[in-house]
Amino acid sequence: MSNQLGNLLTLNTFGESHGIAYGGVVNNFPAGLLIDFEAIQHQLDRRKPGQSAIVTQRKESDKVKFLSGIFEGRSTGAPIGFIIENENQKSRDYDHLAQAYRPSHADYTYDQKFGFRDHRGGGKSSARETINWVAAGSLAKQLLGGIEIQAYVSSVGDIFCDMPYQELDLRKIDDNIVRCPDEETALKMIDRIKEVKKQGNTIGGSITCVVKNVPAGWGEPVFGKLQAELGKAMLNINACKGFEYGSGFSGAEMLGSEHNDLFNENGTTQTNLSGGIQGGISNGMDIYFRVAFKPVATILRPQESIDKEGKRLTVEGKGRHDPCVLPRAIPVVEALTAFVLADMMLIHKTRKL
Amino acid sequence: MSNQLGNLLTLNTFGESHGIAYGGVVNNFPAGLLIDFEAIQHQLDRRKPGQSAIVTQRKESDKVKFLSGIFEGRSTGAPIGFIIENENQKSRDYDHLAQAYRPSHADYTYDQKFGFRDHRGGGKSSARETINWVAAGSLAKQLLGGIEIQAYVSSVGDIFCDMPYQELDLRKIDDNIVRCPDEETALKMIDRIKEVKKQGNTIGGSITCVVKNVPAGWGEPVFGKLQAELGKAMLNINACKGFEYGSGFSGAEMLGSEHNDLFNENGTTQTNLSGGIQGGISNGMDIYFRVAFKPVATILRPQESIDKEGKRLTVEGKGRHDPCVLPRAIPVVEALTAFVLADMMLIHKTRKL
Amino acid sequence: MSNQLGNLLTLNTFGESHGIAYGGVVNNFPAGLLIDFEAIQHQLDRRKPGQSAIVTQRKESDKVKFLSGIFEGRSTGAPIGFIIENENQKSRDYDHLAQAYRPSHADYTYDQKFGFRDHRGGGKSSARETINWVAAGSLAKQLLGGIEIQAYVSSVGDIFCDMPYQELDLRKIDDNIVRCPDEETALKMIDRIKEVKKQGNTIGGSITCVVKNVPAGWGEPVFGKLQAELGKAMLNINACKGFEYGSGFSGAEMLGSEHNDLFNENGTTQTNLSGGIQGGISNGMDIYFRVAFKPVATILRPQESIDKEGKRLTVEGKGRHDPCVLPRAIPVVEALTAFVLADMMLIHKTRKL
Amino acid sequence: MSNQLGNLLTLNTFGESHGIAYGGVVNNFPAGLLIDFEAIQHQLDRRKPGQSAIVTQRKESDKVKFLSGIFEGRSTGAPIGFIIENENQKSRDYDHLAQAYRPSHADYTYDQKFGFRDHRGGGKSSARETINWVAAGSLAKQLLGGIEIQAYVSSVGDIFCDMPYQELDLRKIDDNIVRCPDEETALKMIDRIKEVKKQGNTIGGSITCVVKNVPAGWGEPVFGKLQAELGKAMLNINACKGFEYGSGFSGAEMLGSEHNDLFNENGTTQTNLSGGIQGGISNGMDIYFRVAFKPVATILRPQESIDKEGKRLTVEGKGRHDPCVLPRAIPVVEALTAFVLADMMLIHKTRKL
């Protein structure tokens, strides 16, 4: 249903940037899993503001509290409710924006849709909503056993990590604050972000996500193709502008004779331009995809704009904002990937007698 | 739910390439619409095989028959059932493939998922399923009043239509068989496809879709963002490898100061890198997006492959296949866009007191 | 979603009484089941008009045709489309009713809801829709292995089959045309229906359904309780006015000390007032419930009524109608029960690690 | 989807009897409604334990806290999260029950389904879950404008309030602690409950619910019939054993000529055996239905039972329990009715051009 993530394993979330709390309900979670709470908090900490010099300096402890569905450390099969309290809401930072429409924000569209809006910090349209997804997705990750989900920053502006993921050591993703496993490129990215930040500007980029050890058979043949469910989840992330998997847009420039992945005798393929998915169903090879993010719309510079009545005014970002959303978006991409895969895994259990 | 398109306005489809018929049920279609059956058939004809020299030469009449939900020409509010009979199934063309796994097809993954498969012409994984989407989406299009949805081929291999859509005359899309409104580029594309076809090969490309006159306010704020629903629909199309909207992947290379769309006093924006969507909700500007398609996997050349038991064999496409799927995918992209928009429109009706 | 049966295993149907055809799509049906087509047709034949002296004398062959999702006799996991063509539509029988609102029919409410309606034979509101449910539910039944679902007529008017189901020989249900396994009561019921029919009148009654061999564990704890899903399905049947399971309404007159089912050491219970369900989840005991049906609203007698403009007129049933819907509703109750159970069974597969 | 209430307006809940908190997410709630928080709390207070001598003497403040989706007192269209903290969990009261299967409770079925369970106070199967439904349903009620929803206790054991609801003064429902508007019957019911309580026993009964001012047109024609959605909601209530609407089970004893509701010229009907619903769609007349509740399974008497290993033991209810669930179930029935109607109202907005 609309505003819900997942088909069988579902997530309904709530919360606004300057409200009391974020939280959600994970429904139809299987019983019997011993939950690793630290692993979930670890992912929330990777998403947390204030963690490095190249992200927003807001302070939030971002502690998730699970309220139900877990007994003596194990999932019971009952709905899992969770909450993350907001602590550091400086609503007054936004008073000057009550009537203003910030360029490329959702202020205008929310007013058009709903007639009014909670203007504080973007209200519902704030990317702080992704905290719910990290909590729920990191929980879902634990259903996936040995499946590895690793995302990294593959470009910042025009600085690209050109090496294919196979040549990167993905264990090094967290070795630097931008979360690009190629150290040399990472340094360039960090410098670029610092420079942009100094200018009160922001910058876009892309994230590559690699999933290993997904067994063959996950994904649904008609309207629940694995890439479609993954793409939908990613395109729901604030600032996401595009999604491609396997050969992606560059595959559109190729010939069939170049693009086809020939089989080995054991069913693996010699190449993997398919990105681990054929006909919407995993084939056991690595799944990989790339997600494009536009630059954050809030810049610390004056911009011409209008207010609710169409009067001209100048807006200027105040407070503490991200010059580049990419490093903090890594756990969001990983968490949504985990949630989608867990949903597909559960449905798959029912598809054969 | 899984394998269903839409949230409130829903589509459930059925049919396999060499089965008796395709068809589906459109549920929750509003009452009172006078249906233009010719407009629907027109879109099916644009998708039909055999329509030009650069598509498959299979012959199918592809006539849709509506079975319910319409009385005296008007929708009644009851579920609309429809059927499209298969006529030209040459199942024997596929007998040699009963056990073979064709490279980059879904043969292997279907067997892994379901234990066996209908191997004739790809069975359920055949792109002939898109005929259902054209029927249902073209029906849904009629709910959208003055909204214009126009898709065109924007690249074939490395031949790109470089002009932004605003500089193209979209009324010329059907003036040539490749469906690119820039005549000069179209001729190059057609030549390229013919050359590829002669070689028994196939080629990929991309489609750009432009939607005009969507009012501000459609799309849902959390997990039903308009771009996410559009992206999901597109990524379900066979051979689709990527989706980007507005500035897309190139937006990821930009600065916030470059990327932000400044407002005019009437709420329109001076630029439209947002692609008509902010915060997941339409803002009244043109919505545009691009979809990448890989080259068709069936090539008329021998390829090394394996069979169900992992034994080596050679497969070679026989019969009549598309050297390039793009021209016939145009009405598919348009139809899915229409269906998603109609679903979002209906939900939007309920979102404000 | 609205107008859909099932949560994971879903059914979307279409068709009107005097349209071209009925049919539907069963989605997410597991792969690998060898389908017994005769068993499905057998249930359709039990529902068929014209089968005995106490039901409508309309003639329809009611043959179901499966169009997809089955290959070489086995379910493939793809959506299963089916169609049942209408043959015997005498639309003219209804011309006099185009504007009339028949008492206790849905004519008025359809007009109020949708603005107009297909008036022929009740259009969408006709109980002929249940033919879809028998087709789909009898298919779903085959997923349930050794589970027995047996429904019988337990009352007609004030003639009750007073024996508890345990004392009846349920193999005798089809031994008489009213489908009550107690021969003596059956004869009284048949006489009563014939008498009512002679008077151009109709009569209500109730159906009891008994399900054996459901394993413990099916049903969902919050909003998908097994009795709630069963009750919803039954209450969707045309003319259904009530649903009770286990002790039902009579259980509401009891004390806790009388009503509690004490356990045997093997987990079975000494009594079964629970009706095989505790906390919304099957406990392995027989599931049994009773469904109330009002008398058919179409009577072959003049009734005062109004037309669309509120003008007074007299309506009088013409054509061929059921004096009592119960005997033909038996396979409908069984089929819906099977569909709900199959859906719950599939979901249950995912609820434990 | 499974474990979710509603189709478009949805409710996902969480919480266990002795967990940290109950709560939930209401999704797709329309924007712009001024929320009356006191009205919601008032309904929670009507459900609260300890409110009279004939209900459990547990003490809980049962204060609901809304966490999101409301800004400056108005709904924003964003998901509405809420929480109700548990205060008075005496988990030790249940230690003796960790392994025991209480008769006619869900202990056995939860273990069978999920492999283990939170045994404290029934865990997820506790009727305390209904607190979520009262919170969410009372919120939804406010979408319904002038619609009146009034439930009352219509029987306790074999004491029936025999007058039809039209002859009762429904404003008097809360004038006595059993919530039966017929004072004389109410006194008998109260005496009966007190007597039963003294004996450590419990007693069942039924609730009648009357809904006035629903406009014609709500409800969906195929699988979303209004009575089916209402019935499903009611049958999800703990201890509910049956549902009937309009003439209900007694309608099954009638003839068509007796049962049909003849029209007045303005579209109202002279009688209302239909219960305000024809063909699954409201007709503008009063909607009324009755719900049967079995006696509470926890009795303060020794009962023979078994434990998880099948060993014989004696269980005896301790602590504070309801001798009769009816008075506290009144706001639950009203709240679920409101939620279902609000969902149907929103969907109906989309069903006509």
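Here the chain labels run A, B, C and D in written order, and each chain numbers its own residues starting at 1.
Everything below uses one rule, namely that a residue touches a chain if its C-beta (ideal position, glycine included) is under 8 Å from a C-beta of that chain, and two chains touch if they have at least 3 such contacts.
Every value quoted in this text rests on a predicted model; they were computed, and no experiment measured them.
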Chain whose Cα centroid lies at the greatest distance from that of chain B: D
Higher-contact pair (C-beta pairs counted), B-C versus B-D: B-C
Whole-Å gap between the CA centroids of chain C and chain D: 26
Chain B-chain C separation of Cα centroids, rounded to whole Å: 39
Chain B and chain D, separation of their C-alpha mean positions in angstrom: 46
Residues of chain D whose C-beta touches two or more other chains: 1-4, 7-8, 13, 28, 31-32, 77-79, 113-115, 124, 220-222, 347, 351-352
Complex interface listing, chain D residues touching chain C: 1-5, 7-8, 11, 13, 101, 103-106, 108-110, 112-115, 124-125, 129, 155, 157-158, 196, 201-206, 216-225, 227-229, 231-233, 235-236, 238, 240-249, 251-267, 269, 273-275, 277-284, 292-299, 301, 303-306, 310-312, 347-348, 351-352
Residues of chain A touching chain D in the complex: 1-4, 7-8, 10, 12-16, 19-25, 27-28, 31-32, 65, 67-69, 71, 74, 76-81, 83, 113-118, 123-124
Of all residues in chain C, those that touch chain A in their complex: 1, 8, 28, 30-33, 77-79, 143, 220-222, 346-347, 349-353
